[in-house]
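Note that the chains take the letters A, B, C and D in the order they are written out, and that residue 1 is the start of every chain.
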Amino acid sequence: MSVFGVYGVKDAAQTVYFGLHALQHRGQEGAGLATFEPDGSCLHHRGLGLAGEVLSQSELARHHGTIAIGSTKYANAAQSGLDNVQPLFFRHKSGDFAIAGEGKLINSDQLYDYLENRGCIFHTGTDSEILANLIKKESAGKRIDYLIRALNMMEGGFTFVIMTRNRIYACRDKYGIHPLAIARLGEGYVISSETCAFDLTGASFIRDVEPGEIVCIDDNGIRSNLYSHFQKHKVCAMEYIYIARPDSDIDGCNVHAFRKESGRRLALECPCPDADIVVGVPDSGLSAAFGYAEQSGIPYEMGLVKNRYVARTFIQPSQAMRERGVQMKLSAVRSIVGGKKLVLVDDSIVRGTTCLKIVKLLRNAGAREVHVRIASPMMTYPCYYGVDTPTRKELLSSKRSLEESCKAIEADSLGYLSREATVASAAGCSELCLACFGGGYPTALYKHETEE
Amino acid sequence: MSVFGVYGVKDAAQTVYFGLHALQHRGQEGAGLATFEPDGSCLHHRGLGLAGEVLSQSELARHHGTIAIGSTKYANAAQSGLDNVQPLFFRHKSGDFAIAGEGKLINSDQLYDYLENRGCIFHTGTDSEILANLIKKESAGKRIDYLIRALNMMEGGFTFVIMTRNRIYACRDKYGIHPLAIARLGEGYVISSETCAFDLTGASFIRDVEPGEIVCIDDNGIRSNLYSHFQKHKVCAMEYIYIARPDSDIDGCNVHAFRKESGRRLALECPCPDADIVVGVPDSGLSAAFGYAEQSGIPYEMGLVKNRYVARTFIQPSQAMRERGVQMKLSAVRSIVGGKKLVLVDDSIVRGTTCLKIVKLLRNAGAREVHVRIASPMMTYPCYYGVDTPTRKELLSSKRSLEESCKAIEADSLGYLSREATVASAAGCSELCLACFGGGYPTALYKHETEE
Amino acid sequence: MSVFGVYGVKDAAQTVYFGLHALQHRGQEGAGLATFEPDGSCLHHRGLGLAGEVLSQSELARHHGTIAIGSTKYANAAQSGLDNVQPLFFRHKSGDFAIAGEGKLINSDQLYDYLENRGCIFHTGTDSEILANLIKKESAGKRIDYLIRALNMMEGGFTFVIMTRNRIYACRDKYGIHPLAIARLGEGYVISSETCAFDLTGASFIRDVEPGEIVCIDDNGIRSNLYSHFQKHKVCAMEYIYIARPDSDIDGCNVHAFRKESGRRLALECPCPDADIVVGVPDSGLSAAFGYAEQSGIPYEMGLVKNRYVARTFIQPSQAMRERGVQMKLSAVRSIVGGKKLVLVDDSIVRGTTCLKIVKLLRNAGAREVHVRIASPMMTYPCYYGVDTPTRKELLSSKRSLEESCKAIEADSLGYLSREATVASAAGCSELCLACFGGGYPTALYKHETEE
Amino acid sequence: MSVFGVYGVKDAAQTVYFGLHALQHRGQEGAGLATFEPDGSCLHHRGLGLAGEVLSQSELARHHGTIAIGSTKYANAAQSGLDNVQPLFFRHKSGDFAIAGEGKLINSDQLYDYLENRGCIFHTGTDSEILANLIKKESAGKRIDYLIRALNMMEGGFTFVIMTRNRIYACRDKYGIHPLAIARLGEGYVISSETCAFDLTGASFIRDVEPGEIVCIDDNGIRSNLYSHFQKHKVCAMEYIYIARPDSDIDGCNVHAFRKESGRRLALECPCPDADIVVGVPDSGLSAAFGYAEQSGIPYEMGLVKNRYVARTFIQPSQAMRERGVQMKLSAVRSIVGGKKLVLVDDSIVRGTTCLKIVKLLRNAGAREVHVRIASPMMTYPCYYGVDTPTRKELLSSKRSLEESCKAIEADSLGYLSREATVASAAGCSELCLACFGGGYPTALYKHETEE
């Protein structure tokens, strides 16, 4: 999922369109846009599909405002369908507003209980709707105070952009689990889940939103509020490892540079003597594979090719579809891998089904030996902050030894990067949340979640 | 707009599909469906377009429950777009539920105020969402009691179907302004805005829902509650005159029979001596034209032909589009109307633009004289109960004399049916709301509405 | 099927769009358009669906020429799919050209043989492609001479419009089986299968194309050539009875007037004493029903209502689909037909399955007696000239007596109009081809066709 | 453009679907499929869009035959639109057949002349239609003899697959300009423009079709005919450099290996001392960039990122669109290229507009120096054999010196690979056609083509 906001820019909706296009990798199930028009009305459009499909030329032509927010949504079983595509739009006599968010609360059940006891009803399964209701429960004081109180009731990893008729608020949880950054565009501002969207829209990076910060943008410029003085910066390691685009920077550290460095360290920690070639899994394993090749001196070869024209149907979250999808997406190159002892570098292993599939693909194409090297630690715990990981028992390595995991993916050998090397790859820019790689959740957890 | 509900019927979603198809004339902008599935989850699907487009075979195949509700929506400027297509779905810890409604509240502004003061926020502009919030404001007692209290706070012309996991409630306002009827289908029940949907789905008519009644359907059968003891039955005359399908019965009176009778009475009240032929405006003016021809002895001829294949784009509420639409939809038959003095019978005149267009069409096709006879009284006031009429000043006859109106539509003469004859055409079945034909609103009105 | 052509009119493609819209009843499977552009190139677009779907606003915006032809196609099993949608476009060094045709040749097998022996290959199953090849086989003389020779080799019922860069030819077979007419539009001309398309496009009827005539339209105006001096005018009776729109005139006789007159004669030939009401089958049976009611004095009532919003999928030619389609399209009105002895008037009976379905619908709705009266003779032979009738054995009455036919459709009585009365209904305007009503084909037939 | 054929395989259409998916990079404007069904009929379906869009699940479900051919088409101005999407289907009394082809004839004008003088007319602008007509002009002897004679009349670079009811013919021009290969799939055979489609469909490579060979596949297996004894094998160098997928082998040489080798040789011929990083242009420049980095020791970095989710509209061949497309597709990574002296490696330069755009992108992202290295020679002549190059005057380097070209793309320096090194990169597998890199066309040319 992604959020994107534009303030004070002519044809803001067009800018959102380009921004969501750059953030498309963070969710392809649906996309949405909301704009405050010059007449004060809010135009709102959502749909299933890619941003470029949902936001047609004719739809964009309806939007003339200078303030807009948008979002892309990935497919997950719990909250599928159009109703959960954001931004959400809310009518209220104190002024209409719209919210888009990403990430996940860990206390949503408690907040539903609290709010429903006070007469609220819910249309969607989104955290944005919880936030909207928390804000409107309050009735005294200023809007920013409501927002501060509301955010303090929410626990988890999240970012939100909130648009009113003349203001955008950008919020990041107090651990800074998911990224969020601000840029300048002409006289106005742009907010984005990732910095890669700034170049495409012509915006100039200013800074990251801080953990626990509410950035408020209006005609007076940018103002900052901290909604919590408790701060323990823990950026999600998977953002660096897999989720973000390589051309994004998170908290000052470039994602490609992180990945390449982790590949170099992987070559040192898990060498593969006498291997003929290094092959990376496109696209997120490539940077690490380059690093591995460079460090080890084993030549990098394009042993796997990705089909750029995968027939697009809405991505199904079922296991069966994912496996089949791989066949359509990747091909092993027989004349490159045939007869070779090869090091296969990927960014991470979740269930192991994709990895098993790729190992088989390579063997079918004649590879003599396939040594799998993973540029992140063993994933052993689920994420509760919005990364779409399965339950513990579905994780390849949660209950398996390294040897058993290696056997399960039918590799000749298997090596993972250490937690220490992962941390070191970020070069001190960020502290990392490594909970999925062995526990140590930054937040408290509710009982049912730790018992799995 | 229309509502449709199914309880205790295998493949309830398929039945909704056929039901909405029969009710399609009550709204073509959008359609929606919600089903409670055997596992207790609620499947919800909405879209812009005809029911047959929105509810594809593959969508219907996802729905397996025996309880479902649906709705069609017409285009109106105030509440356009997907967000306002019903049913709406609501999550709540006391049980999820869905609501579809039609008609219009006159005190929605007051209720928004009341609810927003108590912390509610709104996603849509629908009365169904107001109802949902009113129900959930209460927290003691039984659900039916909440519903009774909620309906008593709502003033206007409306019908609602409310679906919970194991029950459907069907409600009609205390004036019975819009129709709503119940039928038996096998072991289960069907609820529909119009009876014409019963035949298509194979259901057998039981009775109309009474004004001020809440019918509750569950595994124990049908139970009735009156939410108000105040009863002043005033069925909307426009339902008989224009809105409903001729094969529907409202409160025991067949719509075609009403229209034909009004045509007969029109021939007596506004004769047209020496006319050569009677021509009806397809489709809603045909029944009255048959009655006029039969009573007067002037032969009925098919002087206007309707194109069955009008290129479907979403209906635009703009005046310009409506005018242009007529050209695409109707043709005058030169060899029938050429040289003739003809009586043109239509059901009603709202703005007069369509009527003017048709008169011109007929003259262009060679008609010698065009005498317009309208099978309803002069429309002089707007409707506040959900019929999509314009403001007073846009109504042809609100500020014009009969003579001026005749001139505006370029007819040789113009005659309207009297209010008395309109009432008499219903043959004592229903008392009628004739507010748009000269005032006498059954409900109180808020100030701003009477000042126009 | 239909053909439509425009010469010398600004934005000719727009005019074709409106023309095809008016001719949509002659085929809904597909539609096409070809325009010669100012630069001499030919823009060509075809698609499956209604004209309004195939010819989008953006497609029309590409066409700027003043000369264009178009066509609509109905679904038939033998020549289904996009390849057979017309106009066809042909490249040739002597000048590109396009052809659209309707009707059917009876000697297409012989012509395929002739042409393939001379090296031709075929892309489609259309008669237009045969014509194009016959024209180009010749190489001496003038184009009009090739066309005359080509048409003389073709036997059957057909009309063609042929467009070259600066000319349109309109041709009608020597029996004049299918209609074709010319009109004036500003400085230019319009050609259409039916006159109903003239009003919609603002054109003024000039005359019908004569049987055996080639009308050539270019900057010098209209010229006429007779390609055959053999003339035996035999207009297809089914055009009057069922195919054409009631607002069209064929050879000077209005279609609605024909149908009403045939209904009047039906009341005289097949009375139904003591019947309570007359009910017509919408849409093509209505005119005859009015005539029957007027002549007999039995009141006409709207006992069947047609749903205007039938969910559009491409029309399937299978028997099963047709039967199901009726349920979606027609509803019987219980409160009108309940307890009544009624006369059901339809234009014709082909297989009898639709009629049986309607009789059952009416009985289910409570009709006491259903007396079927058909405003055309018993259909006992197939059509070889392009009307989509089935083989003899599928025709209800080809092997059944009147009594057996009546039983098959479960009617209380059944009556057909005589051949004589059908002829008389045309009031001397046209001689009619009545081959399907008892033989007497105007052309010779090839052996295999008469043996069925 | 691509061709693909399947013989003797259950559900042949599904196999074509997967094959075209793997060949999608050879054309995205349209795709088509033709199958001979068990009953001897030919099912034919074509459309605009990607193979995965055109060939829907429901379309594939209609096809049951074991013999099928398919094709993808790229957008080119001369032959755009649905009419030119292949395979083409031809009806003929000697048996229906279908043809798909790629490449381009140089004597099509002469062949049109020859055929039209003999009475042929043309529906499309494809070479396949010319071939079909040449075959059917003959009438004595066996089909294979007609085909041999027809191919001997055709000059240019082409491949064709021809499907009759029980046979597939696969043909490659006598210079072998475009690739075509055969594989085994179970008991049947697969033919493909590129070998990359074999892995995806599970087929095993047998051999390339030879220049001037007709391979005939039927129930007796594979037979070979040489239609010409003149053989001068000249594989299009651009197939290796740009067109083919890196995982394909052409005439025994892997495409990725060719590109990487050309990158190595480029590093030797055009070094860039003191450069900080090597950056490749995704996707076709990546292999050469790896080779350049490996040879030079300059580290490879991911300085350009390609957006995988480019909003798909049909690719427009206009210059303006191409330029804008680049912005949507590529991003420069500021934190990687900022302040760097970099070597930008691309596969080739055609007009130079894309290259200029990328150089600017890199400079905007902070690159200090951009040294462009092209892994192929200067392109100075157009291709007449089907590669979509522009006229001479549009080629960047046809009239510019190296220095002027460097200036035009605003690079700090520019270097091209030599013709000799390009030849050497193929490692003796193939002789190459290098006509676009300085002339030396393998075929004779017609006058008008050399005069540009």
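The rule is short, and it goes like this: contacts are C-beta pairs under 8 Å (C-beta built on N, C-alpha and C of every residue); 3 or more make two chains touch, one makes a residue touch a chain.
As the structure is a prediction and not an experimental result, all values here were calculated from the model.
Peer 1: Output the touching-based chain groups remaining when subunit C is disregarded and all other chains stay put.
Peer 2: one piece
Peer 1: Chains in contact with subunit A and with subunit B: which ones?
Peer 2: none
Peer 1: Roughly how many whole angstrom separate the Cα centroids of subunit C and subunit D?
Peer 2: That gives a centre separation of 47 Å.
Peer 1: Once you find the CA centre of subunit A and the CA centre of subunit C, what distance in Å lies between them?
Peer 2: That gives a centre separation of 60 Å.
Peer 1: Between subunit B and subunit C, what is the separation of their C-alpha centroids in Å?
Peer 2: Taking the average C-alpha coordinate of subunit B and of subunit C, the gap between them is 37 Å.
Peer 1: Could you pull out the residues of subunit D that touch at least 2 other chains?
Peer 2: Not one residue in subunit D touches at least two other chains.
Peer 1: Using the definition of touching given at the top, classify the network of chains in this structure as line, ring, star, complete or other.
Peer 2: Graph shape here is a ring: one loop, exactly two partners per chain.
Peer 1: Where do chains touch, given as pairs?
Peer 2: The complete list of chain pairs in contact reads A-B, A-D, B-C, C-D.
Peer 1: Mind listing the subunit A positions that touch subunit D in their complex?
Peer 2: 18, 21-22, 24-25, 28, 50-53, 196, 199-200, 245-247, 249, 254, 256-257, 260, 283, 286-287, 290, 294, 299-302, 305, 307-312, 327-328, 331-336, 364-365
Peer 1: Under the definition above, what is the set of subunit A residues touching subunit B in their complex?
Peer 2: 44, 46, 81-83, 88-94, 112-113, 116-125, 132-133, 136-137, 139
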